[in-house]
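What follows are several structures.
There are two complexes below, and they share subunit A, which is joined by subunit B in the first and by subunit C in the second.
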Partner chain A sequence: MNYIYDPRKRVRPDPTFKAPTEAHLDAPDVFGVVEGWRTWKVTEPSFGVAPKLYSVTDSRYFWVPRQRAEAACDRFCGETPGQLCSCGFYSARTLEHLLTMRYHFYTGRGGSWGVVGRVANWGGVVPGDQGWRAQYSYPVVLYVPFEAARKLGPALSETYGVPVKMLNVLKPRGGSRGLF
Partner chain B sequence: MSLMPEIRSAAAEWLTRYLFDAGEPVAYDEVVGAARERGFTLAMLQRAADDMQVVRAGDSDSTWALSPDVIAVYEEWSDG
Partner chain C sequence: MDIGKEKEKITVEPLKDPVPQRQPAPSPEPQKVPQREREKVPAGA
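Now for the complex of A and B:
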């Protein structure tokens, strides 16, 4: 991803922000949104610090709670996402495709987990073969590992203002029902 | 004990679904028996119970149940 990390965003959640909902994804033409799937890294909250959704490709960047994520281009391509650039927020078209990229793998060591989610993309959206690059994005539903649900679920839901569900993303897919 | 993440996750998922579907506290021996039928060892089951912070009650923790907050978070995931 090519976006500029803006540390000022750290402390500026928008108090008037309303997170997009599944209803927005169910009527994409009405709301002008495109559904995608993403993975984040999340560390268990400690000492009352809210958990954050960190980029899996840029460990400095996290999605600010209750504020749309806005992409910027560090190549100054003029528009974000640029048609001929690689900037913007990436998301996969389907969960199945997202999981083939293996960004979601985690060990749980150090309280670090892989979290996947359905996101709403809007503004400028550039389609790709398997997903999108978007100007604005925000999670609609987050899926946390079962074994991390108690520690992450309520805190993430409260922090980002979106529903959180449990999902075993490490379970082999493609017809298999799992290891056990 | 350190479990492979895939096994830890599978055990946690199985135990959550099992206790949720039961809808009421389940006898410990019954849980262990069902887990073994699915191929989970006692160590895997204990780790899953710790991860999910299963509510143990009765004499010698003889019954297991999901905590209300796990039940609140739980929603059935369909593979479609």
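Now for the complex of A and C:
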């Protein structure tokens, strides 16, 4: 289609127009959450104590039930996750990639089990080819080993308010089955 | 954890709160307590 110039239809500049400032441009890049996969260590509940999701790399840290997990930088990089730092909550883009890193474990030795799950990430997020580093995180769904399903499933689901399913992480292609 | 080659940081804003809130327990229906009948006072007491 040919465009015929008509000076009468020329758009005149709006005298009330103000150029956007940086504050106007401070909009989120993504609405929603980005989901990744990660592993936790869970100890079987005993004496009525609710099970907790513990970090597999820092045994002192656990994810508080029904509260967003907020990353903190022990190097005080300023903004977590820092672009030039390594802080933040890590999660893998795929379950297959998570399992290649061997964070999970299957034994119930000592009453501890490896639990994998999908997490929602939001706030500041550093995307990687294989995963994410995030400022805020919370589980979306948890997968427990078959043998731990009865002991952990209902208690974890009640405590964290998320569905818990069974998944044999040694055979991830076997599929999963909703249980609770 | 290896997340591969990192890209520029982005800001992600959830459309709803990703943290499930505990549903408040339904309050029990208030039971009707029968009003005590006014004690009859004998005349001239």
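Points worth noting:
FYI, the second predicted complex is superposed on the first by the 139 of 180 C-alpha atoms of A that agree within 3 Å, B and C clash if a C-alpha of one lies under 4 Å from a C-alpha of the other, contacts with A are read in each partner's own complex, and residues count from 1 in each chain.
In the analysis below, a residue touches a chain if its C-beta (ideal position, glycine included) is under 8 Å from a C-beta of that chain, and two chains touch if they have at least 3 such contacts.
Note that the coordinates shown come from a computational prediction; the quantities given were computed from them, not determined experimentally.
Taking subunit B and subunit C in turn and counting the residues of subunit A each one touches, the greater count comes from C.
Look at A:Gln67: by the touch rule set out above, it reaches subunit C but stays clear of subunit B. Once the two complexes are overlaid on the shared chain, A:Thr94 sits clear of subunit B and of subunit C alike. By the touch criterion defined above, A:Pro81 reaches subunit C but does not reach subunit B. In the superposed model, A:Leu167 lies in contact with subunit B only, and not with subunit C. Of the two partner chains placed around the shared chain by superposition, subunit B is the only one that A:Phe146 touches, whereas subunit C remains out of contact.
Residue contacts after overlaying the shared chain place A:Val33 against subunit C, while subunit B stays out of touching range.
Look at A:Trp122: by the touch rule set out above, it reaches subunit C but stays clear of subunit B. Every residue of subunit B that touches subunit A in the complex is listed here, in rising order: 5-14, 16, 38-40, 48, 51-53, 67, 69-70, 73-75, 77, 79. Within the complex formed with subunit C, the subunit A residues making contact are 28-34, 38, 66-68, 81, 83, 90-93, 101, 103, 120-134, 138, 140, 160-162.
Considering their complex, residues 1-15, 18-22 of subunit C touch subunit A. Of all residues in subunit A, those touching subunit B in their complex are 105-108, 143, 145-150, 153-154, 164-171, 173, 177-180.
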